[in-house]
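Structure in structure tokens, see below.
For reference, chains read A, B, C, D, E, F, G, H, I and J in written order, and residue numbers begin at 1 within each chain.
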Amino acid sequence: MEFLVRTENRLPPHTAADERDRLRAAERARADELREAGILRRLWRVPGRGGTIGLYEAADATELHDALASLPMFPWMEIIVEPLATHPQERGGGPGRAAVVQSRTAAPS
Amino acid sequence: MEFLVRTENRLPPHTAADERDRLRAAERARADELREAGILRRLWRVPGRGGTIGLYEAADATELHDALASLPMFPWMEIIVEPLATHPQERGGGPGRAAVVQSRTAAPS
Amino acid sequence: MEFLVRTENRLPPHTAADERDRLRAAERARADELREAGILRRLWRVPGRGGTIGLYEAADATELHDALASLPMFPWMEIIVEPLATHPQERGGGPGRAAVVQSRTAAPS
Amino acid sequence: MEFLVRTENRLPPHTAADERDRLRAAERARADELREAGILRRLWRVPGRGGTIGLYEAADATELHDALASLPMFPWMEIIVEPLATHPQERGGGPGRAAVVQSRTAAPS
Amino acid sequence: MEFLVRTENRLPPHTAADERDRLRAAERARADELREAGILRRLWRVPGRGGTIGLYEAADATELHDALASLPMFPWMEIIVEPLATHPQERGGGPGRAAVVQSRTAAPS
Amino acid sequence: MEFLVRTENRLPPHTAADERDRLRAAERARADELREAGILRRLWRVPGRGGTIGLYEAADATELHDALASLPMFPWMEIIVEPLATHPQERGGGPGRAAVVQSRTAAPS
Amino acid sequence: MEFLVRTENRLPPHTAADERDRLRAAERARADELREAGILRRLWRVPGRGGTIGLYEAADATELHDALASLPMFPWMEIIVEPLATHPQERGGGPGRAAVVQSRTAAPS
Amino acid sequence: MEFLVRTENRLPPHTAADERDRLRAAERARADELREAGILRRLWRVPGRGGTIGLYEAADATELHDALASLPMFPWMEIIVEPLATHPQERGGGPGRAAVVQSRTAAPS
Amino acid sequence: MEFLVRTENRLPPHTAADERDRLRAAERARADELREAGILRRLWRVPGRGGTIGLYEAADATELHDALASLPMFPWMEIIVEPLATHPQERGGGPGRAAVVQSRTAAPS
Amino acid sequence: MEFLVRTENRLPPHTAADERDRLRAAERARADELREAGILRRLWRVPGRGGTIGLYEAADATELHDALASLPMFPWMEIIVEPLATHPQERGGGPGRAAVVQSRTAAPS
């Protein structure tokens, strides 16, 4: 099941630069693990903000929560989760209805 | 550039069934054209609502507006558009960072 | 997976009484089917309103949406769905942690 | 009478780990007492958040308040209480209308 | 148990005057019955609006809902109910803490 | 004139216990004086919160403000005031319309 | 006592022009009476809207409500009333603190 | 041009009393200068709050901003400005339409 | 003085096409007059909506209101006006600080 | 593509004056670079607030985000970005439709 996940990062601006760098690197490493596990499917930056919008896929809300809570930035994140249902237009399997979302700007190498 | 597009459908409940069917079929046909043009990338149903959340890709907000305004249901839709920026974690091109969003539930035939 | 479902009923006040009665009876019949299918687990009346708060259980948001959309009142309902995750305190299986929610006021006959 | 209780946990992220652990253990112990007293009926985790949604049963709002205020985390919790009325569909006692809410994922041992 | 009940009246402005008068008279008659039953304790007009703020006392939310739904204006009313708990300062029974709320402007004849 | 007064208490959770006790005792003492002056008519606890809902009676908003600002907790309170008008149903003086609001749970000794 | 009164005019756009003119003339006539009675002190147009912001002075919320409800447009107006207290800086009577609010653009003839 | 200006004062409650007194005196002195300059026309206390509602008159939003930013409390104030247009009923200059707003409670000495 | 003006168009979707066309042409003609008068400086489409965001320049809020109210669509428009002050960075007159906002996409012919 | 960018400045009021001055000078220097790059097109002060409303032009949301994140005040800014589409009235190139937005108050030297 897919979820739309919106985060705001409340890490205080006065956090030391090295602590911030450490957290950001750990965040990226854990996010990559969630990508490899097929849980984190896409991640966008909300322009002008530290926050993100992400597309996640998990068995249920419990698995999703565990994934989000495993992120090193989790204690400072304000998160809103929305459940997503398959749209009737994407339920079928005919051509023209394939659900491949391949970003043109972020092509895989 | 990608956009997150949220719609609510305000078509009155007392709309005649055949008018509703006609609109829905025309809507799907136009949506398929937008898919083929690479503008409509994914579409989800918000559970419990007539509304949708969609992932669109367009040159700019003007092209996006023209695409949305071309949908037959547009006069009855309440739409909110959010611009999406590429997240730093997806800017690179290394393995594990590929931005393929292929829904497991809606695999292409 | 469990969901909290909040509904408001926008059926116009000037709806004819027999149409209203017919809809209400059909609504109850369909709701009973959802109960028997294990999808509708509890339903509360929000005091002072025509709306409800319900506890649903479904495989995912798509199954939940189909269940809600099958209700005869659906075209007039404004619905908000919240996903629920299992709380750590209820994950274990020890005594005192049993998740039986048996209403004292609505005991089964 | 039943109540829907929504909590957010405002314990600062920089709280020492052992203080946090101590509070969490005390919270669980007190919550178990409220379960045994039949006041706390179900507790869910809101995915992505430290907050919860709970189903409580108490004689009135005063008894409910005393129960909530007895939780060790109470000083840091932002709480919203909604009163719940019995839905007409659950007032009767016939089969198919039993109000047993037994979570399939959290079966008692 | 006491409840604070806020109502807005959505009766359309173009409602015929005699229908409006009939409803208002019936509303007052039923409200008086609720007063005599000890359920409706005080009723205020929100200045500038058709709405009201009321203080109700009922066994629980279900009894309250039945009382509100019995008002002739109910189908046109938008209602919000808040549960009230006894304040510690009013729990005791000493002098100076008596909870008599007797409006100076609306003294009984 | 009557006012509905809603307060939230923003006293930080980490306030020392004796300072908190001192403030609470002073708050109660001052509230009792306002009761005796006929300004504070009723006070309820909002269940699950440190806040209150109060019914006040004062000559005007200035007198009310002075009363609220005299409370020892005032610097930490977030307060919203709503003016209340007499409802037409309570303007008359006939039997059954007496505005005595005597809480059954908080009877005077 | 002074009140800040915010109105929105919900008269439907398709109202016949002569009915609209009749209502507007009657509204102005009644407003002038309220000015002469010292109840309506100032009235502003919210730019871009049919609504107004007004400064009223009345004995209490009940007198204010009666004044507002006497306006011919009242059934179509959405009104929000805020109570105003005298500011400490305007309580004294020294020079420079005079509360004359005389609009430079709307000088009396 | 007139503006309605709403302020909330976010000066922390734990500010030292003499610093608070110093700020308040300086605030009053500067406000008196703005009164003499014809910029600050009226100032009300929002009952129960540290905030104010003010009526200002300035050439434009830039002059207004400079006036507000010159207040000693400005760094701690949360301010919302609304532009006000002359109401058609006050545009004319006939008797009964004079825009003198002279508070009865705050008469000049 | 400049204003940011946000509009939503509430013209009912079922409005006849020729009436809609007539209104739109008249709207454009009047908007062009406001452009020539230097009042309407820029106009944007909010993507996905019938609404607009506009940059206006007028002597004050009254002149702005008259300009907006002169638009043929005005009766169906929901409008919010925000006053704009000159930013300190644009107050000076040095090079690089020129306030020419010339859209690259809408160059004059 | 153009964007409307709204900022609030959350720099704490107790920030040392020289740190504040240093940040403000750096902010202005970087903003001037964005002006020269054609990204920052106009900047307004929201009257009464530390915040701004800006008109930006960038290739897409990613370029815009990078520009905003390069501002020295960025860590303390709360930012909301709205995408802007070209309005049909400004798409053509005829006279009277030129999109020159040249502030009369801030003319280039």
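Rule of thumb we're sticking to: contacts are C-beta pairs under 8 Å (C-beta built on N, C-alpha and C of every residue); 3 or more make two chains touch, one makes a residue touch a chain.
Nothing here was measured: the structure is a model prediction, and the numbers come from that model.
J.: D-E versus G-H: which has more C-beta pairs touching?
T.: Between the two chain pairs, G-H has more contacting C-beta pairs.
J.: For C-E, which listed pair, G-H, A-D or H-I, repeats its interface with over half of the contact pairs the same?
T.: Equivalent chain pair to C-E in G-H, A-D or H-I: A-D.
J.: Just give me the whole-number Å value for how far the CA centre of subunit A lies from that of subunit F.
T.: Centres of subunit A and subunit F (C-alpha means) sit 46 Å apart.
J.: Just how far, in Å, is the C-alpha centre of subunit F from the one of subunit B?
T.: About 51 Å, centre to centre.
J.: Mark out which residues of subunit J touch at least two other chains, giving numbers and ranges.
T.: Residues 1-3, 45-47, 61-62, 64-65, 81, 83-86, 105 of subunit J touch two or more partner chains.
J.: Judged by the touch rule stated earlier, which pairs of chains are there in contact?
T.: Applying the touch criterion to every chain pair yields A-B, A-C, A-D, A-J, B-C, B-I, B-J, C-D, C-E, D-E, D-F, E-F, E-G, F-G, F-H, G-H, G-I, H-I, H-J, I-J.
J.: Subunit D touches which residues of subunit E in the complex?
T.: Within the complex, subunit E contacts subunit D at residues 1-3, 60-62, 64-65, 81-86.
J.: Under the stated contact criterion, what part of subunit F meets subunit E in this complex?
T.: 1-2, 4, 28, 31-32, 35-36, 38, 41-47, 52-53, 55, 57, 82-91, 93-109
J.: In the complex, go through subunit F and note every residue touching subunit H.
T.: It comes out as residues 3, 5, 7, 10, 61-62, 64-65, 68, 75-76, 79-81.
J.: What residues of subunit J sit close enough to touch subunit H in their complex?
T.: Going by the criterion above, the answer is residues 13, 45-49, 105.
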